[in-house]
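Look at the two complexes coming up: chain A is in both, with chain B in one and chain C in the other.
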Partner chain A sequence: MSYYFVIIGTKDNPLFEHEFGTYRQGGDGISRFREDTRHMNQFVAHASLDILEEVQWAGGQMYLKTIDRYPPTGSTISAFITAANAKFLLLHQPNNISTTSNPSSLTANRNAPTSTTPAATDEAIKNFFNDVYDSWVKTIMNPFWRVDTPVRSPVFRSRVAASAKKYL
Partner chain B sequence: MNPAPPAHAHAPSLKTPLTTAQQQQQLAAGRNVSPSPGLRYPSNKKTIYDRNLSRSKNAELSRAAFGYLFVEMIGYAQRRVRGVADLEKRLNAQGYPLGLKLLDLLLTRSPLPSTSPSLRPTRILPLLQFITTTLWKHLFGRPADALERSAANADEYMISDNEPLVNTYISVPREMSQLNCAAYVAGVIEGVCDGAGFATRGVSAHWVGEGGGEGGKGMWPGKTVFLIRFADEVLEREEILGKNG
Partner chain C sequence: MTPSQDATPIPLPITAPALSGIDESIKLPRRRAQSPGASLASLPDRRSSPSLSSLFASTSSLAGSRPGSGTSTPTASTIPSSVFSPVSRSNGAPFPGPGFEGTEELRNLISRSFAPHVGVLASEDTEELVQQKGFQGGLLDLIRPFGEHITGKLAIRDSNGSSKVVDDFGIRFMGLKDGLGYPSFPRKSAEGVYDSTNRELNSGKPSDRWSRTGGDISHIEEAVGRHIAYAEMQNTGSISDYFNSRNISSAGWEASPFYALYLRRLLSGLPLVPHETFSHPVACVIAISSHSTSPIEELRRLYTSTNISDSRLPQWVNNEFLRYYVLLHDEDNDDIKQSMGLYEQMKRNFGLHCHLLRIRSAQAVPSDDESVRIPLCEWMSASEELAEIEKREAADDDVDPTPCIFESDATAIRSFVRELVASSIVPLMERMCAQWNEQILSRRKGLSGRFMSLSKRWTPFGASSRNSSGPMSGGSSNYDSLQGFYKPDTPEALMRKLADYAFMLRDYKLAQSTYDVLRSDFNSDKAWTYYAGASEMVAIAALMTPNNMSSKARIENIDQFLEASSYSYVTRSAAPYYALRTLALGLELLRLRGSSAADDAARWASRILESRLVGPIGHALFTERVSASYGCRRGVGNLNSGSRTRKSALWALLATSEWIALEKTDLAEKALHRACALYGVLPGAFEDTPVDIKEAEDGVDKLGLPMRAYPLAFGEMKAHIDSLREALSEQRRMADGYDDMAETLMPADDEELEVEDVISESLTVNARPNRKSLIGAQMPFGVDVAPLSPVRTRDEGEEGFTESDKIL
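Then we have the complex of A and B:
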């Protein structure tokens, strides 16, 4: 799996971006998006905002689960919305190419059906979002932070990376 | 490093320890102080990210400290303002960011620490209840005294506080009798509403001293009403959600 994570402000402007790969099944945490479609990630993620804005009023949940798919690249988008309407989007794309070329794919594939059931993935993404939300609230508690300004803190980035490593 | 020419054996041997020491220094500095230039850590090496969000014990502020700070804030807002309305607008603007922050913080501090954050308010009533109970208790240690909907205008809601804490130590001069420094709290309310996606046409604080007049003999001479006017699109959405739910 390769992941593209973005935080979007209330004016639909990106505040923070992070790209990473899975750490499960011997993954090294490096994203392996197909080069020919990689530039589409931002576009695909932002295209889901319309759906998000409809879904957000249906219930008070912050974690909105999977809200959109982009079949040409097999991408799925999960979303999380904070109380103050900052949106977390996570685009995830299974990378078939790299797993077949991986020598350890035989063992990985055997484990795959049990460890990546939709429910388990869903739970992992939920935990990831909750963990990032914790760091996010700490960021906005900063008295010098203004709404809809990009987050440049290297500490925040390392926190997000740590959450990714822990859950995804 | 190692294959140094033997002719200059002395020079490298003098030089290398110095450079490695420098490198070590730089490394140590990089590890402990700053991963990137320009970022400064507090002396105890703890950033804002190392603090616990739910720690609310001993977090209460003394009234004296608050009173002093608030007076300074009013003094700051009062510089170069043209009138009472302008001053209240500035106090409102000072409170606004606080509302945005408290909305997220208070929802994160759900009653059970192990559960995920509470639900976002998606309707007007839960939002106002959040303000009058959770927010009020956090700021002033008690819930607000009343929450009403205006009979005349459907988009107006009123939160009343019999004795606003922010006005406790403030005596308004006679020539500015219209001024209510609870405009700061109104700003906080506006921040919460706006942040949650409920745009307002302004939140304002008004005096409604009971049995007022010259004597001010009413039970609550300092009673203040916060008037919240929601924008049209909020009411429209509320109507649609009401039909579906």
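Then we have the complex of A and C:
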């Protein structure tokens, strides 16, 4: 699995972006998006805000689970919304579909080396989000941070990477 | 692009080597003179366009403003009437125009596309008589265009006895065996050039006949591709409203004439298959002429030939259709008294289903006052259209080859068709509906019928015989699983016929309930193709019912039907054409349901893309469709929650890159413009096509969407959009600059670009597309020599359809 994690502010602006790969099944934590579709990640994440804005009113949870998928690359998007209306989006895409030219989601799932069940993945993502949320709150408590400005803290980045390593 | 460049003709020598090199290339009207620059000098070059442009016009509408005398001077009206301008559909023909402006047009398109089919069988002297008039295809060619629209209103009674007035009813005349067999045209000879010899004079009957069969997706793609190429070429003359309108409101976006054409071709020429009876003949016109010496015997011979000899349809077609006897009277040569006597005799022998058709045998010349051009068929199949385009390009003359007939003949044929429909076909269908409804359907639906079907399913006998695979005679299942059809006299086949008749008579409620009963029957018989067909039609009938279907449960039902149908068509029956039809109709009808069903529509559209049912052009068109579907979803409240602006923008952008890959610059620009407007980054990068920003803003307002309050903040997204813009303007510049370049060098070898090269180049700065590519010779599937059937692609791997994915 390859992951693209983005925190989006209240004005649809990205505050923080991070790309990583899975550490499970001997993964090395390096993302392997297909080069030709890598630029689509932002588009897909951005498009899923439509769905997010709709489902955020449906319940009181902060973790919104999988909200969207993008069949052409077999990507799925999970979302988490913070109390201050910052949105965490995690785009995950199975890895070894790069050889087949048009992954339908079915085959992609079959080929993906995931021994984990969907429920377990879901739980892992939830934990990841919670962990990141924790560090996020701590980071933006910095008095010099203003709402909707990008976060450039290397400490925060390393914490996100650590959470990713821990859960994904 | 400036007018002076527009007027520049495309010099032939540059395109010629490429044309011979690449077989699928699109030939444009030959330009003879080589006088670039001056607009006056280029006028003669346009001279050859009437014949072809009328064809392109005719495919989307019955061209009304076609010049009467075809040749001499290309008047201003020649070109505007050509491609898809609204002018050409204002000639009183009440069918929907090229695009769908409202919801009704699409509904009409669908209800008109499932029309009763009527076979035509004529004696030899009749065919000779008609051929004298200039119709090589005989009687069928003469009357076919008139069957597509019946003049006047028609009252149809539905199963409840209430009658309903329909004013756009039509029938399809066909050769009796037209729908059989898979279309074999266009064939390519070894050199890769179209083998056009065997259909020159319609002597090659087989290819001519098969070309009337639709159902081949690759042909549809090709036909639409030619239309796009033609429209883009004509666009230089600033006549194509579609390209030039910068209106990105949902209406402007959705009225893509090419998509409408795609749908229409998808629904034209339904093949004759066991699992649906739409294309099975409802009636057969048996025609003799007054030239005949022994007319009654001739009629008998023709009648028996429909029953036993070579005109007999396969055994899964119900052969008990109506025979309608027509006497063609030759006004010029024969005595009307004699014919009247003969006609009386026919009436006595055959009953009421007779008609005396009085036409003149002389050939009408276009310059004559009384002559009218025969309208072109609106519902010709894609392969037929391709054949027609080919023929006209090959003919290379200035005359519009559409034959003319006398005004009086046209009137006579119209009234003949009207009488045939109003007093024979519709009453017959109504009667059969009522009869079958009473005798079969109500029995099946009633208590005993339910019990029977239950016992059939659960008794051990039923179970065992159901699972064994042998032809059951009178057993529990009527399905002949060895040959894969129901005999036409079994209750299932008759019920399917009932449902189809009801659908064609636009009694959607009855049709829906019947299809629903059939679904379960077919399912328990494991007749998968039939099952898929019934599921498809139950969903479409339900969506065609005008009542509002707000309840969630019903939408879910429809989902389930569509899912079952497309799955069965693709996986169990390997019938991608039908799957595409199912999904496309389902998606369009769902989209018409408005906001609540827009997500579903978009989902089905992307399902079409995922399942790779379509070729590159279809892929791009359906990508636009996804965008349009999302675009018609409105948000609610101040937060505008639930709108799908961003998704719509994303898919519009995807469509852009697909059109770029196909080198359809105009369409790509249009898609990009929409994407940019939705993303809130207004295009300023089109140096050569300056965009009125205010207009674009209006467009967004018209969409009913908020102007994007937040500018696009993602850096890579902006960069990507910019790179697309750059690629596009590069493509445009090359296309424009081509004329100048052409004078000095002949880059003939540049044409043979690999598909991948085209794509990568179009996305990088050193793109080298040129005018020829605008013409469309490099449609990626054109380079692929294999005919692009989706089944094939599925088998052969991923070459044909996927390059568009690679660039995503």
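By our rule, the second predicted complex is superposed on the first by the 149 of 168 C-alpha atoms of A that agree within 3 Å, B and C clash if a C-alpha of one lies under 4 Å from a C-alpha of the other, contacts with A are read in each partner's own complex, and residues count from 1 in each chain.
Definition applied: a contact is a pair of C-beta atoms (placed from the backbone, for glycine too) under 8 Å apart; a residue touches a chain by one contact, two chains touch by 3 or more.
Computed from a predicted structure; not experimentally measured.
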(message) Just checking: does A:Arg157 make contact with chain B only, chain C only, both, or neither of them? Give me first, second, both or neither.
(response) neither
(request) Look at A:Met40 in the shared chain and tell me whether it touches chain B only, chain C only, both, or neither; answer first, second, both or neither. (result) second
(message) After the superposition on A, what does A:Lys165 contact: first (chain B), second (chain C), both or neither?
(response) neither
(request) Check the residue A:Trp57 against both partner chains and state whether it touches chain B (first), chain C (second), both, or neither. (result) both
(message) Let me test your reading of the model: by the given contact rule, A:Arg32 touches which partner, first (chain B), second (chain C), both or neither?
(response) neither
(message) Quick one: is A:Arg24 in contact with chain B, with chain C, with both, or with neither? Answer first, second, both or neither.
(response) neither
(request) State which residues of chain A lie in both footprints, the one left by chain B and the one left by chain C. (result) 57
(message) Show me the residue ranges of chain B that touch chain A in the complex, using the header's touch definition.
(response) 35-36, 39, 47-49, 51, 53, 97, 100-101, 103-105, 107-108, 116-122, 126, 195-197, 237, 241
(request) Enumerate the contact residues on chain A facing chain B in the complex. (result) 56-57, 59-63, 81-85, 126, 130, 133-142, 146-147, 153-156, 159
(request) Please name which positions on chain C make contact with chain A in the complex. (result) 606, 609-612, 630, 639, 641-647, 649-650, 653-654, 709-710, 712-714, 716-717, 719-720, 798, 801-802, 805-808
(request) Under the touch definition given earlier, write down the residues of chain A that touch chain C in their complex. (result) 11-14, 36-37, 39-40, 42-44, 46-51, 53-54, 57, 71-73, 100-102, 104-105
